[in-house]
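Structure in structure tokens, see below.
The first chain written gets the first letter, and so on, giving A, B, C and D; residue counts start at 1 in each chain.
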Amino acid sequence: MEFASDNTSGATPEVLAAVVAANAGYAASYGADQWTEAAQEAVRKAFEAPQAAVHLVATGTAANALSAAILCPPWGAIYSHEAAHVEVDECGAPEFYIGGGKLVLTAGTHGKITPEGLAARLARTPQGDVHHIQHGMLSLTNLTEAGTAYRPAEVAALAALALKAGIGVHMDGARFANALAATGATPAEMTWKAGVDVLSFGASKNGAMAVEAVVIFDPAKSWEFELRRKRAGHLFSKSRFLGAQMGAYLQDGGWLAHAAQANRMGQRLANGLAALPGGRLIHPADGNIVFAAFPRALHVRATAAGAHYYLWPFDQTLEGPGEEEVTARFVCSWSTTEADVDRLLEVLAG
Amino acid sequence: MEFASDNTSGATPEVLAAVVAANAGYAASYGADQWTEAAQEAVRKAFEAPQAAVHLVATGTAANALSAAILCPPWGAIYSHEAAHVEVDECGAPEFYIGGGKLVLTAGTHGKITPEGLAARLARTPQGDVHHIQHGMLSLTNLTEAGTAYRPAEVAALAALALKAGIGVHMDGARFANALAATGATPAEMTWKAGVDVLSFGASKNGAMAVEAVVIFDPAKSWEFELRRKRAGHLFSKSRFLGAQMGAYLQDGGWLAHAAQANRMGQRLANGLAALPGGRLIHPADGNIVFAAFPRALHVRATAAGAHYYLWPFDQTLEGPGEEEVTARFVCSWSTTEADVDRLLEVLAG
Amino acid sequence: MEFASDNTSGATPEVLAAVVAANAGYAASYGADQWTEAAQEAVRKAFEAPQAAVHLVATGTAANALSAAILCPPWGAIYSHEAAHVEVDECGAPEFYIGGGKLVLTAGTHGKITPEGLAARLARTPQGDVHHIQHGMLSLTNLTEAGTAYRPAEVAALAALALKAGIGVHMDGARFANALAATGATPAEMTWKAGVDVLSFGASKNGAMAVEAVVIFDPAKSWEFELRRKRAGHLFSKSRFLGAQMGAYLQDGGWLAHAAQANRMGQRLANGLAALPGGRLIHPADGNIVFAAFPRALHVRATAAGAHYYLWPFDQTLEGPGEEEVTARFVCSWSTTEADVDRLLEVLAG
Amino acid sequence: MEFASDNTSGATPEVLAAVVAANAGYAASYGADQWTEAAQEAVRKAFEAPQAAVHLVATGTAANALSAAILCPPWGAIYSHEAAHVEVDECGAPEFYIGGGKLVLTAGTHGKITPEGLAARLARTPQGDVHHIQHGMLSLTNLTEAGTAYRPAEVAALAALALKAGIGVHMDGARFANALAATGATPAEMTWKAGVDVLSFGASKNGAMAVEAVVIFDPAKSWEFELRRKRAGHLFSKSRFLGAQMGAYLQDGGWLAHAAQANRMGQRLANGLAALPGGRLIHPADGNIVFAAFPRALHVRATAAGAHYYLWPFDQTLEGPGEEEVTARFVCSWSTTEADVDRLLEVLAG
């Protein structure tokens, strides 16, 4: 009953097999190996972006922070949602990599920035006045931290505001596959066709061991990215193991199938949670993340039975008796089964 | 005939097997898994350092730069050899992580800093005067970039000067196992018993896929390290795969056996290179790296035959006819065989 | 009719005379001169803080950002008001000097942080979890950007929360003299007796040319401050001119007299603005800054007559006819006279 | 007998008078005042550079570090002389402002970089390889720290190498007027006509209180400079006082006359030192700085008589009896008189 995060699952069989296969013999290092090159090509093909620069790193925070560093100057505002991973969960990585930068936050229901919210924020940052930070970049997360998915048209509406403000658009796609599975959009539709300049294309959460690609649709910033990556210690010597993972991840559309499975389990779980006595959903469950509220007694019972998930927000008081409500986050992964979901629902239902 | 670097080899069978085994089922993330904890304990045991803090990262540059960041203030001098990896091969990673810092270099024959050289450098940096950078840290590489090994007493002599100057000592142990195999020293003798405060304990070059441990002998700086690691994007979500590698690396002394093999091949190669007509060694070949000079014609022939190694320094002119000499670097790894060495020597000898 | 800012006024006669007098002959540089030493001693005396470290810089942004750099680690949260100068008006200077840092903002009416607001913010930043930024520092502005004054007891209540959270307290005292004049508190009561660790003690706005003192009540951080100041280019070679200004500023309580005059003019102006037809105050006018709302027609008239002040916030639409209201900020200085105030009120009243 | 530095002198009468005059009445702040604008125009005129961006700061370290930040990326090599102020005397300011950077040093006799030395250094930094820092900028000091002057043709030869390497050229002109007086070159000949991109145009050492202009000959980087200056706390609110100094400094060629006087005193002193029994010059005394060696007994005597100057390098042992030699640096300023020089020579001669 593991629903704490999709990063508690392992790698898919095909990813593991590719890593094992890549181990044979000698290989050029630092990205000059055939696995890396094949993976880069596979990403370009998946995104219908033959000119894009594709660079591999091992963590989502590295992908996000390095992306920010090539988009945003040290005196730039990073427009993002107040719940964004770059704001909440990276211990200040964007600021470290940018050498400054200021997260300028919007609220937005269900984890999504709205055009109105973004426009208001942009308007409140005076430009051309040296006392104030300047427009820096827009960062969207898709799938969002609330488990909802931006549709391409929603991305495009926000990106148009960014373009008007003269800044680039980053998408944190730690769960990009889940966003595609949720919306039916193609990789290209969700990114460069909608105005995204740089994508953190996550694979670790959806069946890789540890690999993410940064996709830079306009390759002019590619060399700067490479220097920043090396300088940050994120260039792997035995890069074949990153390349092998990413290649296997994309092979035959496996990544989308795995994400679809995770999303189906999310939907199944969401339906079950909403049907609990006293249960209700907090956000629409577009993908593999489900936020729900339910009576505290259910939480006590499920936890005692070994269910793993996070109360969200983290600081809910659990002291005292009674039937008060808790709110919790559940995450399904590529390896979550119907039986896993049903068992969790059973222990919650009692 | 692959002698370009020890990072062109793959992982050892035991490391690969451990990664495969660790993939089964769910595991806690971000270092709370059993593999990481076992690896940390194994490192502490190998170093006879039950109090040490042990943190895993995936690259040597990350290990070095994060180590520097907890030892050196932004206005600090990093005393190191002019050929050190931190100076030459990390695209300014220490300066990025420290938020400044200045590499203050000494020459020193055969890749080693001498006490006299260090003392002279320390004396030339005025202290207590706000116009000048202050003593920051000492960074030693062992095995050195020249392929030589510091003995524990040599480390201790340098560390004593650092202690007197009030600064900490870092050891870049990207090839730490090779240094131990070369000297017969124990891990403890080579580090904390000799005055080393923080070690970049490399495994990637000696048979892991991608893992290094930072060993902080005085754990007071451990929490700061953890924050800096996260903030730099070097904390892995599926940390079990780092832990599994390091655990298998240390299992039953395999790491030392692999290093001994690489060193033996280095010695065999050194003997052969020195015996070539016109051949001579540039540095003593204490470990798995060999620097030699030999006639250009031999280089042309070996390269044509498919031998891989680097001319060193990189900017040797190869134009024109004649018997001029080249100098080159050869690196053996855990997977280098006697047959590999002999084949290389054959094609060089013609 | 100059009410745009207190920094449009010049220096007081005594400050100018001191600068002229200090010019005679040779003087030691970089702070070793008698004027700097006398100024440091005068600050310590004024604050009843014989152990305090006192360092001079030329701008308020430098004082604030350097203060932040010695209080807050790169991964720290800087708790401040959303209107604070460090957030709004310094183009990201704290983030630059800290090498990161994140401004965590509270609203708070009339420019003041409340204990409730601060406690809520502190509670929302998870501690001891490496994914999140950690408590860094508290920064209060007094006189606030809204023109209100914290009383010592208010400062103490906030500082107590900071102390409990294990972080230091900075006060941005760009208008510190005005805050003292508004409250009757002594320098010591408003700072170290209330729990302030580091003060940006402004003089430029209240009659100096360009000098601020950073007062570090616990001198343990003094040397780090000096290194950071030099490294930022804020150590003056001909430091006598900073010392002379600060010495003359403090001489015979002149600084408090000038602030009292500015505050009196603020009060006179506030009374007049509130009495305008359609006029009302936005914030209590505790000091020399007055925020008021009044019909747009008055603004058009006053501006045409040459009155200088800022509409606040900056983005008020002034298009179109009618009697709509504007809101504006007026700042009085040591050199503002009753006649100046009365003339402004006349042109507003029409 | 004050020869420790040209920064121990005060301001010239015309600079002081201008500051006093600028104090009258109100003035726009942050550089929008008439004095700043007039000074900018005067600099442009003096340099025959109508398009140049001119920005004022108060210290030479600020001018140098901000200049470096707009010329050099964080992963860039700053080619400079090993004795350069940016390397030796700024506590790492360039690295702080650049967010990295690495000073790559050349020796060069008498404080000057040679084309051969620079070419060798450029050749030793591999380009296009992500492991190594990249060419960043060239920084020359004129008048050099050794008291010698680059001629325009010498600057041009070095700048041509920089241009070929694709990097910009900075000149640290803390004593720029002395370099002009020494060579007879015009401001334009010594800078943009010779290939200099950005000049730190010092005034503080030659008769101002505290002002330097950064002259950016290609104004495309001007806005970035302004943002960096504000963000570093180097934008003055009461900017009129910086503008007034710089305007008066340039008025009627006074700056060149003062430098010529300082240089004449340097020449007189050099002649006298060389004529001392056992005296000799260490570097050619092109300007106002003189390095000489002479018997230790003379130093003891002069110091006892109240002469101020620095032994150079700083770490000469003065213990023990005897006639050993010391080496010392003497600096003349605009206010040094023939009587001052002769008195010093008298006490040295005994």
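Quick note on the criterion: a contact is a pair of C-beta atoms (placed from the backbone, for glycine too) under 8 Å apart; a residue touches a chain by one contact, two chains touch by 3 or more.
No experiment lies behind these values; they were computed from the predicted model shown.
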item: Of all other chains, the one whose Cα centre sits farthest from chain D; value: A
item: Pair sharing more residue contacts (C-beta pairs) when C-D is set against B-C; value: C-D
item: CA centroid of chain C to CA centroid of chain D, Å; value: 34
item: Geometric centre distance via CA averages, chain D-chain B, whole Å; value: 41
item: Intercentroid distance (Cα basis), chain C paired with chain B, Å; value: 51
item: Per-residue multi-chain contacts in chain A, two or more chains; value: 74-75, 90-92, 96, 99-100, 130-131, 227, 230-231, 235
item: Residues on chain C engaged by chain B in the complex (per definition of touch); value: 30, 73-75, 99-100, 130-131, 134, 224, 226-231, 235
item: Contact footprint of chain D on chain C as seen in their complex; value: 2, 4-5, 7-11, 16, 19-20, 22-29, 57-66, 90-93, 96, 204-205, 209-210, 227, 230-238, 240-241, 335
item: Interfacial residue positions of chain A with respect to chain C in the complex; value: 74-75, 88-92, 95-96, 99-103, 123-124, 126, 130-133, 314-315
